[in-house]
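The following blocks contain the structures, represented as structure tokens.
Shared chain: chain A. Partners: chain B in the first complex, chain C in the second.
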Partner chain A sequence: MIRMEDKIGVFICTGYGIAEALDVDALCKVATEEYSVPFCTTVDSCEGPGLDSINEAIEAQSLNKVVIAGISPRRYVDHQFPTAVIVEKIALREHVVWCQPAGEEDTQMLAEDYLRMYITKIQKMGFLEPFQPEEDIDTSILVVGGGVAGITAALEAAAAGYEVKLVEKTAELGGWLAKQHKSVPTRPPYRELEDTGVDELIARVQADPRIQVYTSATTGAIEGAPGLFDVTLKSAGNGKPVDEAIDKFRVGAIIQATGWTPKDPREDLEYGKLDDVIRNVELEALVKDKGRIVRPSDGKEVKSIAFIQCGGSAAKEHHSYCSSICCLTSLKQALYLRESDDDAKAYIFYEFIRTPGQYEDFYRRVQEDPGVFLTRGEVVDVTRNEDGGLTVTVRNTMPGEHIQVNVDLVVLAAGMVPNSADGEAIRALEDAKLKATDGKSGAQQKEAAEKVEQLARHEGTEILNLAYRQGPDLPTLEYDFPDSHFICFPYESRRTGIYPTGAVRQPMDGLAAREDAGGAALQAIQCIEMTSRGEAVHPRSGDKSYPDFFLQRCTQCKRCTEECPFGVLDEDAKGTPLLRATRCRRCGVCMGACPERIVSFKDYSVDMVASMLKAVNVPDEWDEKPRIAAFLCENDAFPALDLAGQHRIQFSPFVRVIPVRCLGSFNLVWVTEAISAGYDGVILIGCKYGDDYQCHFVKGSELAASRQTNVREKLEQMSMENERVELHQLQISEYERIPEIFNNFAELIEEIGMNPFKGM
Partner chain B sequence: METAGRTSQVEQAAEPKSPQIAPVENGKPVSIEPDLDFIRVLSTQGAASFKECFQCGTCSATCPISPAENPFPRKEMAWASWGMRDRLLRDPDVWLCHHCNDCSTQCPRGARPGDLLALIRREVVVHYAVPHFLARWVNDPRYAPLLLAIPAVLLGLALMLREPLQDALGITGNTGGKIVFSFSSVFPHWLLNSFFGFFGILAFVGAFVGVVRFWRAIMADRPDQTSAPVKGMGASIIAALKKVISHENFTSCTTARARYPAHLGVFFGFLALSLVSIWVITAKFNPLISSDFVYPFSLLSPWKILANLGGFSLLLGSMWMIYDRLEFSDNAGESNYFDWIFIWTLFLVAVTGFATEFMHFLRLEPHRHIAYFIHLVFVFTVLIYLPYSKFAHVIYRTTAMVFAEYTGRNWGVPTPVAPGNGVSGSQRKEEIENGEK
Partner chain C sequence: MNADAKPILVIGGGIAGITAAVEAAEVGYRVVLVEKEAYLGGRVMRMYRYFPKMCPPTCGFEINARRIRQNPRIVVHTQSTVEELSGTAGDFKVRIRKRPRYVTGKCSVDDSVLERLTSTRVNDFNQGMDETKALYYPHDMAYPPIHVLDREALSEADEELLKEICPPEALDLEMEEEELKIGVGAVIVATGWQPYDATKLEHLKFGKCPNVLTNVMMERLAARGGPTRGEITRPSDGKSAENVAFVQCAGSRDENHLPYCSAVCCMASMKQARYLREKNENAKATIFYIDIRAVGRLEKFYFDLLEDSNISFVKGKVAEINEHPETRDLILDVEDTLSGEKLNQTFDLVVLATGIVPNSAETKLPIELKYDDYGFIDGTTSIDGVYAAGCATRPCDVSRTTKDSTAAALKAIQCLNRGE
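Presenting the complex of A and B:
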């Protein structure tokens, strides 16, 4: 059983009440007699001096694989053990002693089964060799977008010692910040308008020897993976033929700071019909250009302005999210007017005023101004009046009245739309186009044509032009913001090594964008450094394993290439997956997807988990002790089990828990294995999915749920009841639901009856 | 986008929006042209942060005496922020406010609605005053010496010219003939009575004209023009006076709790002193007392006791007011010149009154005459500037309270919010009648 080079040691803690609740000698016998483990001993504790004694024994016995049965794996950190040793930890305390009655037969059986499972697992585990590509990892960073976020990201990365290529589509750096007359106050006491400071930022970028600036350029193509991105820049005009390749280089990571575009205001507010109804960006340009505010229609000096917030976005169908800067911009522009004339009047009509954080002080300061009128209400009409001005009608103002004001100018606070492209949608559009012409049946072609129509707005929207199987840009979430796993990390995207920052990621002002860009730069640097060590980035930071594809058995079913949440796998012409290992986050979704079971990690594989299942001692049917296999997501559900233990919540002793990297890595064969091994049911617990997903791998638990139809087929083939497999979603804070789930399922099994395959 | 999610929830709750103008409930949309100077006056003279109001409505919710319908001071805060001076000058609600300041201490923005309303009341007094310049003078510290000089000079002239006047008017004999030790050698009663009577009538006319202007404005501006009054005028006046005398609204205050006893003291002290004064002035023509009326009253005379108690009450009440406003300005409210000049004058009336009384007992010559003169100057000041000083609140507030009774503004009666806006006066009348049954 044990490979020649392996030397396994088992340590069983007697502290924490373990020795009082369990027969420790019997546990040792499981290791030494059933599994012929050469070394098994008890320790008082597995922390502090206890841990030291374990490490001494590892050295003295030359152990290279160690199982510690004691406290939860979450109570250790990696550097506590010698690097060359594989250590598996069993949470006897949290998962057995704290949630089962002491001294009972079932409790002892549970503990022994865990020992069997983990000894089996460690026997199957291989020693990790971090992934190293054949070529050297490049450590430079590409920043796409030369606005305040891009500039700051470039400066920050350069300051940390990394070479930066900064690419800007227009002829000038500075983005929207360079178009502003003044900036809202960024420092206490947040009262006076400030210079934008953009000139200084641009000068610093241009003077930085580590930053190479390309203006009037776009990314024509990006191939490869983190550490190995090959970028082709093409011209965006300005003297050169458009689309001409202007440079090629390699970078290690990419920061996408492509910024935002002002939203077109809603039509019924006469924008575009009345000259004197303009957007905030146009007012800004007017002030910057002329230094004063004049009416577009007749050049008259403007003495009163009505600002309409949300540019009409209060109507849900128009613009349904807060852009966070429009209120500040209107407050600022109201001061432009007020500073020009002490009797000028600025009306600001809003649905909500939002001035995040310390900007509240600026809001108050503008409120205090006698000539600024902030009123909640709904603007219903803007018309030209007899005096040549505009009359604005507002209903349901705060004291409940319908009011009218006469003004010289109406300014619509236009919202922010991210300059993003939905890579997945672009890919889907291409696929649909192909299908619309080459589809097998007429119905299929018609369906595809409809899809082409639906996705038409994505036509030609490419920004990054990634050569990825799953599409040329970052996938986006609601409102077209590039996907960001906001639960755990704001700058994350679903393309490893590519980090969106600034207003493309989330609406934000210049100050927030600068802070954000610093974070994105650190994130890019982190990716480069970890990739060069062959380690995974967030959320399995530091994981040295990587998937291995046994391609001889691949049937080109494309499930892995389609389902990988991170676009890791490209395809060759036949559809065989091509692994770009440095893109990988090690979630194992490919392993869960593969019907041929050809994907495995050295420390996590289909066979390894199946063997753990089989290691459990399944009692005979007439013992009336069912066995339930529970697969818990390592990110939320498994730690939640620790919490259940900490709260001493008791639950059924018949459940055997196996942690999985992600519920998306759950391979259906494990259901078959469990049933044929005599288990009476299988529970899967993953993270919340849907719009506000909490899955660390974006769609793992969602995939597991969608694969349930296949589970049902499997069960039917085996003439088993559908109810024997259950799927749940759980947040880490819902630990108290775990016993409920386990106990209810145990009762259900009692109702349906034992697995007839038991003992076969 | 957490914020986005919240936005959509709110929108789901709200009625679907249409780009068309909704049918307007109360006539046409109000055209607004903010009065920036008015805003500057308010924000520089005692309501520094009122524009920070964001219309949350905490003020109206927390106010113990605001009615459930169209409560103050929230709407006044909005109107003031808009610089709607004309509307505020015609708003009776600013007078229903008793400056409890519960709103000011509860306001999450520190906008101090109570202080703003006090300031607006000052603007109302100034606005309706006739002649207008007197109100401006009363409000300007630079005119304080002049304002004190006017009564001093007038009274001094009258006293100096008393003999020629006496001769010219044909008044003979010593009016204080029976008096043992009197002031009348210097301050003859006929002179004081006619002097104060004359200027009292002037002040009364000034006050009357102001109040009539105010009454017309608020009646013209009431929302329900057509409906009949809820009560008769007489009944309204009686109801309002009952509330004034009982200090019913002050008792509801929590923040400015001290205002209740202080105001009670000043109010009843002043009332008692006025009563005694009127009694004495009319003594000659009053059949009830003319027979055995003898100056001076004995210390044990009920009139003397009432006068002394009134004096004490005025003294203590005004001292309490001053202390409260100095020590607890957060609760008592921002005090400006308009407040101070009135309270200090009242205090000085009481102080000089007692000083005169003591000197009179001690037979201090000529100190008692000097003290009496100063006392008379302060009394005169209070009297003649009534329509122009904070004293005018006596008439404006009472008028507003009568208006509230008359039109059925259910102030002080916290009722559940009625569905729909604006219960008409006649509906309200029915409600009251049903309630009384």
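Presenting the complex of A and C:
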């Protein structure tokens, strides 16, 4: 691509009260005299006709870089501008005029500094060329797991025109759905049990020319990145030698639908000790195989069953999760019994019956059945009685009394455990194992050995076998679900192009799993299409930039490979980062991590931000006008600043705000640069971190916080007070806190005094 | 990928519709998003926070709004409704009625203009608990970021004033309703929900006692953009709420009202109990429930609340609410089903956990769809090429809605790709 000569145009808007608050001529002079931009003009508006006039000038003047000083960037629609032109917008209205007194010297200085910063920024910005790997992007999809979620994902992706490889570790497709006798109602009037439909689903898979099925197979290795995943399938045993490579192929994206395993039930209810205490999955198998319910101990026809809910799942003392399907399953199984015999009795003991939505109709239908007894209570005991049956003791039933019932069979509503593996824990275990023997000191070895013990449960749990620096599987959240942490973005995955779906992701019923799988199939397809266009996927959807590593200066410190929230970077034997660009989400955390400053994007770099800092006119110490650099996360804090403006909240005119892609992209050198440029302090505002983190790049803001130790060291080296750098967490809705933070900090600077380096 | 495909029509610009639109457009397809209100975001924009993370919905909306702003494949029509829909999969004809906004968007309206107006309108965004000027900005995060004029609420004097002080290109008082006719290949119905009309629950006295609120009102009370700037106070006297009752299943799971479970109200009330506790460390909350339906990983939220000694859970359905004539406190008659005791407790504020009613119960789309007895659209719809998502199909929370609408986006794409 031919490098275009930069031709910068600056448009200064006089509307919105800007001309009344600011000396617009002086602003123009900053552009034309200080920066000698080839084109600068005023416009009376940057919307409607004003915007048209800007676009006309862009064309007439052949501008390819444009700064518009007017309204907030959030008020524009991107495609209002010609695609080949870089347009930077300064929110003079929101960030200056609305929050500073009109006509004041400090207000003018603020506006002029923003103009300097953005002209400098655009000078440093390069034209983007989307990332295109040397090899073609593969558009096929790997689905791991052949249960209802996997089958649905395969069918849905194939129906959209994509080739699918469906891999199932057992000999048959169908998973738990195939083991069910009937399904709970999914259609109006939501009262009667339905056929599972599994045979038809499997037949459709087998008939689909776009789906290739591998049974008795697992993923032995997955290398590469979205669009370029190289998969090696291995035999899962089942009669064949384990680990034998079956096939190798390339796919563009991966759906993990590895399902669930029934949870171990409560130990005190004699499961495994009394033959007639079974789990819901075993009752289902009994009905499916034998067509009737007989007692395991003696083959007698079962006339009564006690269903015990939360058979280990939601028990308060375990602080566990609810498996979400057990209530429906027990209600369903109570009907199996009732349909087999008019005189049979089903008792369901529960704490809460959970039948959300229209499932309530099904609950009501079961309640109407005179042979089903639903009772709230705590089952404390199950014993064998003299008649060869079982006696169940229940306390705190509805009216506050304790009861005992004699039944033929006890069914424990056992919950779901995800068939997941925590890739990061597996990696940590491996690292600890190495350190336990090769550690530098005895203490280090001991610490590592303890860690090995802590993480022992992850040994040999690999499922996907990703060849990723950060571990062989997706990272998991609490309770081992590799779920999304985001309510608005449920398919957010920390391994780009790999989407968990169905019960492995969170407990869900069959209907929910089907929907979920359809959504996961869309995400896989979307990732392939966006990768083909060289674009990032969510949350910087459509971003065509990508990081460039100047490896000659790399010191193999591994910070970037360890800290990337998405496992983008692998390592060679020496520890040099290997960029897998199509995994990249463009947050810039690697850029923030790098002490050698070798990571940069064409439109976002350490140098660019440092230059913006230096572009500001820092007054002399005796002017008593401090300068504070504030770095705001562009997802939450920066838009919140707009809201503060919208509400006309006034704040210190000494703060110069720079938006960052994520606070995790904040490079320490910016502190040094700011202090040596004469700033008196630095404020960092990022998203909330911790368990309920709101950082869209998962741990960017948390990383920024953890790097504060290094910031303090840096400040000490420069003999500066620690207080000169502050980090805050902020939700987008807390806009009123931004002026507070700015004002308090300005007061603090007044207390501790100006930066002694100023003017040096 | 079929770049020449006809667009997908998405009806409804709430979280379901936005998600379907953005996800489909990012794959590479064109989308026309039709929303009846003046802004996108629907019901979730009126929530203070989401459970279980207690994060503001505006955070995700900001990302979604950016995805819309930068995607040329998405066309948004607000204040618009679908009047006619005919045809078959791959080839639907749509007639859209676009009501006039009277604000052109070509030039921002300055807030000083609003300040000088005297005519006002009831603020539906704040559930009718306060007013805005007749010319108003829907809310802080409004998208599109353009004011709206309520022409009916505008007095003649204000009309004259506007003509005088507003830049002529900003307003068009003669703006007329528009009619758009477009062809689309597939349709996603994401028409969402509305809260159950609590005045139908006569024994709970909503509308008669000022200190009986609904859960959707509570969201606005807690929000900074709400009528009390985020203070949870009693409407009768503005005093801070110290002792609040949450009445679960206010209409839901009741054959005289909504026989189904609305799926979100347990979590919503527990979340609101946390609002109360976070804003006022002495406040007490009591939740009257039938079953606490904290499904899946949400269970942890419930367990955490059990640790708070200022939050009580009472299993029992509220039989009646009466108001103390002087204090305007509320006296609840409840039978505690665990102890069998009849309780008679006094609270200073009551929040009714009213349920979800599909908008399609009242307003049907101009195409023959199958509905269940409650007005929810039956499954993925009975018409090939038309797919339903979110609360149009069942009561569900945001997370389920977004999954569901992502799946619907794929269905629509499949329809466009057929025969390729």
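As a working rule, the second predicted complex is superposed on the first by the 745 of 760 C-alpha atoms of A that agree within 3 Å, B and C clash if a C-alpha of one lies under 4 Å from a C-alpha of the other, contacts with A are read in each partner's own complex, and residues count from 1 in each chain.
Operating definition for what follows: a residue touches a chain if its C-beta (ideal position, glycine included) is under 8 Å from a C-beta of that chain, and two chains touch if they have at least 3 such contacts.
If you're wondering where the values come from, they're calculated on a predicted model, not measured in any experiment.
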| item | value |
| --- | --- |
| Superposition on chain A - do chain B and chain C clash or fit | clash |
| Partner chain(s) touched by A:506 [first = chain B, second = chain C, both, neither] | both |
| Partner chain in contact with A:721 - chain B first, chain C second, else both or neither | neither |
| Chain C versus chain B, contacts on chain A by residue | C |
| Contacts of A:76 with chain B and chain C, given as first, second, both or neither | second |
| Partner chain(s) touched by A:489 [first = chain B, second = chain C, both, neither] | second |
| Chain B versus chain C as contact partner of A:341, first or second or both or neither | neither |
| First, second, both or neither for A:480, with chain B first and chain C second | neither |
| Contacts of A:353 with chain B and chain C, given as first, second, both or neither | both |
| Which superposed partner A:49 touches (first chain B, second chain C, both, neither) | second |
| Which of chain B and chain C A:322 touches, first, second, both or neither | both |
| Single chain C stretch clashing with chain B - from 274-282, 328-336 or 364-372 | 328-336 |
| Common interface residues of chain A - those touching chain B in one complex and chain C in the other | 314, 316, 320-322, 324, 352-354, 364, 376, 396, 398-400, 478-479, 481, 506 |
| Chain B to chain A touching residues, read off their complex | 1, 3-4, 7-8, 11, 17, 19-22, 24-26, 28-34, 36, 39-40, 43, 49, 51-52, 54-55, 74-75, 78-79, 81-83, 109, 421 |
| Parts of chain A lying in touch with chain C, wherever the complex brings them together | 15-17, 45, 47-50, 71, 74-79, 156, 159-161, 186-190, 314, 316, 319-324, 352-361, 364, 376, 396, 398-400, 478-479, 481, 483, 485-491, 506-508, 512, 515-519, 521-523, 525-526, 529-530, 532-533, 537-539, 541-542, 635-636, 639, 643, 646-648, 687-688, 692, 694, 696, 731-733, 735-736 |
| Residues of chain C defined as touching chain A within the complex | 1-2, 15, 19, 22-24, 26-28, 50, 52-67, 69-72, 104-108, 110-111, 140-141, 145, 169, 223-224, 253, 259-263, 291-300, 303, 306, 315, 337-340, 372-374, 376, 378-379, 394-396, 398-400, 402-411, 413-414, 417, 420 |
| List of chain A residues in touch with chain B within their complex | 268, 314-316, 320-322, 324, 343, 345, 352-354, 364, 367-371, 373-376, 378, 380-381, 393-406, 478-479, 481, 506 |
